[in-house]
Structure formats: C-alpha cells, structure tokens
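Each structure below is given as structure tokens.
What follows is a pair of complexes built around chain A, which joins chain B in one and chain C in the other.
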Partner chain A sequence: MKELHNVNVAMRTLARELLESGTVAGVYGWKKGSRPTLTSPLYIQDAAKADRLAYDQYAVSNLSALLLDHRNNDKKRAIFVKGCDSRGVVRLLQDQQITPEQVLVIGLPCPGMVDEAGSLLTKCAECRFPNPVMADQVLGGVEVSKQPSAPTGVTAEAARKVGVGSRAGERMAQVAQLEGKTAAEKEAYWAEQHDKCIRCYACRNVCPACNCRDCIFDTEKKGWVSKAATSSANAFFAITRAMHVAGRCVDCGECERVCPMDIPIMTVNRKLQQDIEALFGPYDAGVDETVVPPLGRYQTDDPEEFL
Partner chain B sequence: MKALAKKNLADALALLAGQATVWVPAKVAGVTRFAPWSPAVTLDLEATPPAVSPKEILLPETESLYRYSAYGMDVTFEAVEQEVPPTIIWGIHSCDVQAILCQDDVFLSREPQDAAYAKRRAATTLVALACTTPGPDCFCTSMGLEPAEHASTDVQLHILTDGYGVEARTARGEEIVARLAEKGLLVETIEPPAKAQACTRAVNPEGIDKKLVEMFEHPYWDELAATCLNCGACTFLCPTCHCFDLTDHRRNAHEGTKIRCWDACMFTEYTVMAGGHNPRPGKKERVRQRFMHKLRYFPERYGKWQCTGCGRCVARCPVHIEITDVIKEVGEVTLDG
Partner chain C sequence: MSALSPKSGSPADCAVTEGHVGLPVLDPPPTAAPDTGKTKNGEWQPYIVGFACNWCTYAGADLAGLSRMQYPPNMRLVRVPCSGRVNPQFVLRAFQKGADAVLVAGCHPGDCHYGTGNYFTRRRFLLMQRLLTFMGVDPRRFQARWISGSEAPKFRDVVTELTEQVRPLGPNRLWREVEP
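What follows is the complex of A and B.
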C-alpha cells in the first residue's frame, strides 16, 4: 500500500537501530507471508533481519499477547501496534503482567484491515480507537488518542475511504439480534456453536486479557473442569473464558478471528461489555491505564446489593 | 466405468444409510465437516478439503474406555463396550485417505494394537471422491499424493459432468457398488473422468527427513517458534495428528470413567511429568517436535510423511506458521560444520 511505503522504511530503520544499540532485545512486528494477501507476525532479535519487517492492510494480528512470553525477563522488547493492538498492551500493563520498562510501544497509523478477499474486517468497520491509545514513539504521523477518534496519520484518508469506524454505532447489532430470540432459541443457537469447539484454546492464547499464569483449563488435576470436548464442558469453557475477560476484554476481535471453528465469540464479549456499561456506566477497557476496570474496583454504591 | 448420476446421489446415500452410518461432508453450524447422512443434512461435496477432517470418526475427540470404582480394597474395572455400527465415509479426499493410513500405522501396525481404533477401523469402508479443484492451501501432490484418486480406498468416485464415475477397489467396495447397481442407481458410461488441476501450493520435501537429523539444535527453531501461540489449532485440525490423553470423568473420589481425549504436543502441559519436570519447556521444543514428528520421526518409523498436504494447519494457524514454509526453509538452511 503506497501510503505506507515510508512507514515500512521507517519501521525497518527504527528496528535496526533499536537492536543494534541494544535498547531492546527483540522486536515484534509483521512480515509478508506466503501470499501477497497475508501479513504474519514476526519476532526478530537480529538487526540484520530488520528488512523482513512489513506492514500493510493485511497485518491483522494483534501481537500484544506475545509479550507474555517475556514477563519473567527484565529486557525490553519493542512492539509495533495499531490502535486495537495498543489496547492489548495497556491490558498487560494494567494487569501488571509486564512493566513499562519491559516494553517499547511504537504506534502506527492504521489503514483498516481487510481479509484476503479485500473486504474491510467487521471489527475495523466498527472501530472506535483506530489510533494508538498509548505509545512511546509513533511513525507515519499518527496521533496518540485516548478518546474515540477518526483515523490520523498517513493512512487517515485511506482508512476513511474503506469505512474504518463507519459502523461504530452498530457494534451491538449482533447482540441485539440474538436478544430478540426466545430463551429456547438462544440455547439451541449456543449449543450448536459450542458443540463445534475443539478446545484448541487458540482464542485464549491469542488474547491479551487471558493472561493468567495458570489457566484453570490447564490445571486439570484440580478437577475444576473436564478435558473432554463434550457439549457441556465446551460451554463451560466458553462461559468461563468470557467471564474471566469481562470488563477487561479490549475488543480486539482476535479470539473470533483465530477460532478455527468460526464460533462467534465476539457476540459474547460484546454482550458482557453492554451489560457492564448498563450497570457501571461507560467504560472502554485497555484505554486508560489509570482507570481500574469496573469489575476490579470497589465502590460503596455498587449496584450489586450483596456487596 | 459405472456412473452414479447426481440426481441419484440422495437415493444412493439413503440406500446405504439403511445399513450403515454414512458420514458425508456437510455444512454444520457454518463449518464443513463430516456428519452422519440423513435427508436433513446439507451436503457440501465442494469443499476442498472440508474444514474439519474425518479423523474424529475413527479417533473421537473424547471416548470412554472403562468405568472404575475403588472403595478401600474393593477395586473394580468394567470396560465400556462401544457400539460400532458399519460405517461408510463417503466423499473423503485423497489427503484424508492417506491420513487414515498414517493412523493405521500408529494404532494397528505394531503390538499391542489399539482395540477401540481397530474395532472402528474394521467396520469402516472408504468411498473416496476425486478432488479436481484444489483449495488455496492444498499441496498434496508435493507430499506424493494424487488428488484425483487414492489406491487404498475401497471405492473411488471420479468427477463426471453430471455425476460420479464409480470404481470399486476392494471386495468391500465391490459390495457397495453391487448394492447400488442392484437398485438400478448406476449406469454405464464412457465419459472420461475430470482431471485434477495442479495443487495451489508446491514444495519439495525430498531429503528433508535426513537433513532434520542434523537439525535438532539448529537456531532455525527459535525464530520459527517465537510467534507460535502454542494452541491446538494445527494439531487438532490435522488428519494425521493422533496424540491423546487418558484422564477421568470423576463421579466422586472413588468412582469414575477413564476417558481418552485428543491432546497436542503444542500444549505446555502435554509433556509435564509427575513432579513437575517438563522436558519440552518452551515453544522452541514444542514447535520443533511437531515438525520433527511429521517430517522425520514418522518417516523413519513408518516410511511415509506424516503430512498429507491437506493444508488445514496452513489455513487456520492464527499466526501463519506454515508447514509449506518449514519444508522449504529446512531445505534451504545451512548446517554448521
């Protein structure tokens, strides 16, 4: 994409400098994949490999969860982020999975991501934070913003043209559609979806909010959950995953993208967002590190009487 | 050659379903996978390949093996006898037929055989469907297969303009063809079957099994593994991956059922031993194991690749770690010394 030509050059130069100077021990970015329409995650530790870095409208992967690999390591890693990805980094910082000393965040302008057929991803049509919400450095003239905003930087015009954020107001459409169904219909719908789950945990492992050191689904011996991929165990997994990220999910859509069984995971995440906003007021997770997530804070006027 | 007209397909499946469970590629909740045929099933014979392989028919995701109870010194075991109906897998492609041969190697070729697998396999007849239009990630020809046919199927279906050429390859296959013929569902045709188009992807695996012997400590694995999520998408979708775990459905502290369910070398806890030691502690060790198994250990042990080129892992790896790249790059990297 021609608007991003200079950004690509700048990314490679910056990565090379950061590695050569020893400022960082590694850099997370993307590289071109086996087809022109694939741009895949890349981690480099060697300045000589900086030229492999590439960024375009296919760089859909959110790399932030990969930082969890280094949570016990003092060295700094650089990470390139789009708007949605930056919220993943905030998630990790706020959850104290990494410290600011461990990460150097480089914000990029987002042109809006497309699938291999060239259609804008739903998450991008619904995007409210196309600009990084935090960054130590930016490239391509993008502006850091903690407010819902229009795309900025060298791809602002391109992003506007493809419709980034144009359906932000319809983010809850899928939730509304399901809410229109009867309880029995909803049950049948989710049973069919959960039956498909193969318990590959791709949704969990890609997620910056799923950052428990010991996931309950990996600690089978405690007997909380069965490893069997039965309908009920799958539903238990799906509900537990959703509840564990409630109020902390940064809305990056990666869980749904990576699910090999095409389970509409975002519908559940969005429903929880909606409920949390209804109970606790407007809240966008992973935007402002200083605002504690609603389910993680104590208030004397909590709407739940039990407290 | 005998031919089954498309308009007779439903009748043929209905006929066979009278005496067997006939698994067909079908759209189920938006995903193409094998499902037991019934008139209500939405057939999808076009998917190349179906998103989910027929692996689960012979190796279910979860199955009960035996029930146990242990109260003090009173210990009892009782095998869970599986009902295994006669089974037909209709519309399986060459890649997945080959994968069943790999599974046979693992579960049947050495003693002791896996009883549950053996029972299901013995009850199963394969009706392969020629694959003439490869999907975007197919590379079975690179792995030595022929998308248009497989020698080890019971029946081979070829693609004709308005139906399927039907060719029996085993006695079991003959039986099926005879039953269809008896009901007047087959006609004779001289139409030559459609040729398969070339696979979309191409790699040359020649010699990499030998080269991998020298690559256990190669830095290549570090870079490859750095972005892996250690999920189970690649292995669970793979028709040849066969690792499983034995675990329990506990009713209480004394009673329960021993179950077997899929497991994967990509999971962190897969190799954790009693006492907590993990001989494959990191991503590097796990990713290396997956490719070593498919491209070196399996060929060493059974004389065939443990990858059939179906492309499912390529299509669905969240971070695009592609076995086609691995085959190519392993061929290219330099070995020290």
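What follows is the complex of A and C.
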C-alpha cells in the first residue's frame, strides 16, 4: 500500500533508534508472512532486525495482549498500535497488568484491514475508533482521539474509500436479529455454536481483557469445569468468558477472528455491551483509563427490573 | 496387615479416598443428577438452588423456619458470606449439576453487611440474566431477590412463588451435565 510506504520506513527507523539507544528492550510490530496477504506479529529485541517490521492493510493482529508476556519485567517495550489495538493497551493499563513505564505506545494510521480476498473486515466497517485513543508517539500523521471519529493520517482517504466506520450504526444488527428469535430458537442456535467449540482457548489467549494471571480454565482446582469439550462444559466456558470480559471488552474482534470454529463470539460481547449501555449508561471500554468499568462500580439507583 | 490397620478388609482399603499426600481426592463419577427429578405422588418437583447471604436472607430463612412457616421444600439454600460472593460460575454450575432454577438473594440495597456488596451483585446479575435470556434460558429460571433478616414471610413467599413459576416450565435440560 503506497500511502503506508513512508510509515513503514519511519517504523523501522524508529524501532532501530529505540533499540539502539536502549530506550526499549523490545518492539512489538508486524512482519510480512509467507503469503502477500499475511502480516503476522513480530517481536524484536535486536536493532538489526528492525528492517523486518512491516505494516499494511493485512496487519489485523491486535498485539496488545502480547505485552502480558513481560508484565513482570520492568523494562520498557515499544508497541505499534492501530486504533483498536490502542484500546487493548488501555485495557491492560487500567487493569494494572502493566504500568505506563513498561510500555511505549506508537500510534499508526489505520487504512482499514482487509481479508485475503481484499474485502474490508466487518469489524473495520463497524469501527468507531479508527484512531489511537492513546499514544506516546504517532507516525503517519494520525491524530490521537478519545472520541469516536473518522480515520485520520496518511491513510484517511483510503480508509474512507473502503468504508471504515461506514456501518458503525449497524454494530448491533446481529444481536437484534437473534433477540427477535424465540427462546427455543435461541437455545438451539447457541447449542449448535457451543457444540462446535473445541476449547482451544485461542479467544482467551488473544484477548487483552482476559489478563488474569491464573485463569479459571487453567486452574488445577477440581470441579469448576471439565476439560472435555462437552456441550455443557463449552457453554460454561462461553458464558463465563463473556461475563468475565463484560464491560471490559474493547471490541477489537480478535476472539472471533482467531476462532478456528467460527463461533460468533463478538455477538455475545456486543449483546453485553448493548445491555450495559441500556442499563448503566453509555460506556466504551478501553478508551478513558480513568473511568472504571461498569461492573466495577455501582449507583444506588441502578435498575432492578428482575427483582 | 490387620495388626497395622484396624480397617483392613474394609472396602476403603482398595480405593484412594483421602489423606494421601499429593494425591487428589477424586469425586466418584456422576451417575445421576443429585436429587433432581424427584417425584412426589408421581408429580415432578422442581429443584431450586438458592444462594443466600449470611447476614440477611439466611437469617430470614432461619426465622421462617423458627416461625414454623410452611413453604415448598424445593429450594436448597447455599449460604454465602454476601450476595456479592456469588459469581456467574456458581449459577452456571448449579444449572450443570441439575438445578431447574437458581435464586440469588441478599440484603436490601443499602443494608449490605459489607457496605456495597449487593450493589455489585445487582449489576452483575441484571446483566447475566439478560445474557442467559439471550442464550435461550427462560428468565424465570434465574432470579434475584432482596430479603432481609426479618422478612421471613417474604422468604416464604419468594420460595413459593419461584417454585410455582418453575413448575410449569418443567425440568431444565440446558447445560445439564447428566441426565436425570
């Protein structure tokens, strides 16, 4: 992508400088994969490898959860972020998994991510935060914005053309469609989805909100959930995961992307987002670090419709 | 052998049960859901799990018992320190283990022994009930109530009401680990 050529050069230069000067101990970015349509995560600690960094419209991976690998290490790491990734970093900062001293956030302009066939990803069409919500530095002229906004920076025109954020108002369409079904249909639909799950935990591993040091699904304690992928245990996993990220999900859509069984995980997350907004007021997770997530606070006059 | 072990020859000698350092104590494999699907006079009886906060609802339930109040015997109470102690997994686990309905009950808002626990409960389960409804669970199967320590009649009424609400719904089969 020619708009991003200078951004790529700047990324490599910056990463090399940061590593050579010892400002950071490592840099999270992307590299070109084995296919032209594949841009995969890359972590470098060596300035000589900075030239492997690459960023284009296939760099869909959210790298923020990778910062957890170094949460016990005081050294600083640099991370390149798109708008959605930056919310993941805010998630980790707000959950106190990393400190601001441990991370150097470098914001990038997002051209809108595309799949192998070249069509815009649904999550990008529904994107409300294409610009980083926080960054220590930016490349490509992107603006840091904590408000839902239109894409900025060198790829703003390209992003507008492919329709980034054009369907932001339809984010809840899938939820609304399911809500219109009868209880029996919903039960059958979700039973089918849960039966597909192979419990690989890829959704958990990629999620910046799933940052518990000891996950309930890894615990040695007996009795919580069976390791077998039965419908009952899969439903337990799916609902527990959803409740654990409720009000904290940053809407990056990575869980659904990495799911090998194509389970509509984001539909559940969106359903929770929609209910939280309806019950407890508007809230966008991972945008403002100072606003406590809705399930971590309360108001004495909260609704009590189920009592 | 017999001189060393007074219990020698008993079946306990053959199975690893407890007390062995480093070995987990294993539950017997489930053969049937506990206590579920019990019938009385040939009629199916709902099995309801209630999580009762120690300071209000459990005291209320105790008072109901002391006052000899009559209510359906379908609810099994689990005492928890606070309704805020109940996490979503408790509820799911109850359904898996054969509950037909789950009740979470605690102090009235403002009366929490720990100050604020039930406010968090309220948000959490308001959301969870909606999520379970979205997954096809009947909302009557999962409810929450505020019952104070002096509200024995309310406890009786809640148990009665919940039992009568669940009875027409029949046994809950969703997410159950073992068939009754």
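As a working rule, the second predicted complex is superposed on the first by the 300 of 307 C-alpha atoms of A that agree within 3 Å, B and C clash if a C-alpha of one lies under 4 Å from a C-alpha of the other, contacts with A are read in each partner's own complex, and residues count from 1 in each chain.
To be clear about the criterion, a residue touches a chain if its C-beta (ideal position, glycine included) is under 8 Å from a C-beta of that chain, and two chains touch if they have at least 3 such contacts.
Not measured: the values here are computed from a predicted model.
Undergrad: Which partner does A:Leu68 contact after superposing on A: first (chain B), second (chain C), both, neither?
TA: neither
Undergrad: For A:Trp190 in the superposed arrangement: first (chain B), second (chain C), both or neither?
TA: Second partner only.
Undergrad: Answer with first, second, both or neither: which of chain B and chain C does A:Ala228 touch in the superposed model?
TA: After superposing on A, A:Ala228 lies in contact with chain B but is clear of chain C.
Undergrad: With the two complexes superposed on chain A, say which partner A:Cys212 touches: chain B (first), chain C (second), both, or neither.
TA: neither
Undergrad: Tell me which partner A:Met1 touches in the superposition: chain B (first), chain C (second), both or neither.
TA: Neither partner.
Undergrad: Is A:Ile239 touching anything from chain B or chain C once the two structures are fitted on A? First, second, both or neither.
TA: Only chain C is touched by A:Ile239; chain B is not.
Undergrad: Quick check on the output: what are the common chain A residues between the chain B footprint and the chain C footprint?
TA: On chain A, the residues that contact chain B in one structure and chain C in the other are 223, 226, 230.
Undergrad: Provide the residue numbers of chain B that touch chain A in the complex, in ascending order.
TA: The contact residues of chain B facing chain A are 28-31, 51-52, 61-62, 136, 201, 223, 226-227, 229-233, 236-237, 245, 247, 249-250, 259, 261-264, 267-269, 283, 316, 318-320, 322, 324-325.
Undergrad: Give every residue of chain A touching chain C within the complex, in rising order.
TA: 175, 178-179, 183-191, 216, 222-224, 226, 230-233, 235-236, 239-240, 242-244, 246-247, 268, 271-272, 275-276, 279-280, 294-296, 298-300, 302-307
Undergrad: Under the stated contact criterion, what part of chain C meets chain A in this complex?
TA: These residues of chain C touch chain A: 24, 27, 88-89, 92-93, 96, 109-110, 116, 119-120, 122-139, 143-146, 174-177.
Undergrad: In the complex formed with chain B, which residues of chain A make contact?
TA: 26, 33-35, 38, 40-44, 61, 63, 65-66, 69, 192-193, 195-196, 198-202, 204-206, 218, 220, 223, 226-230, 254, 257-258, 260-262
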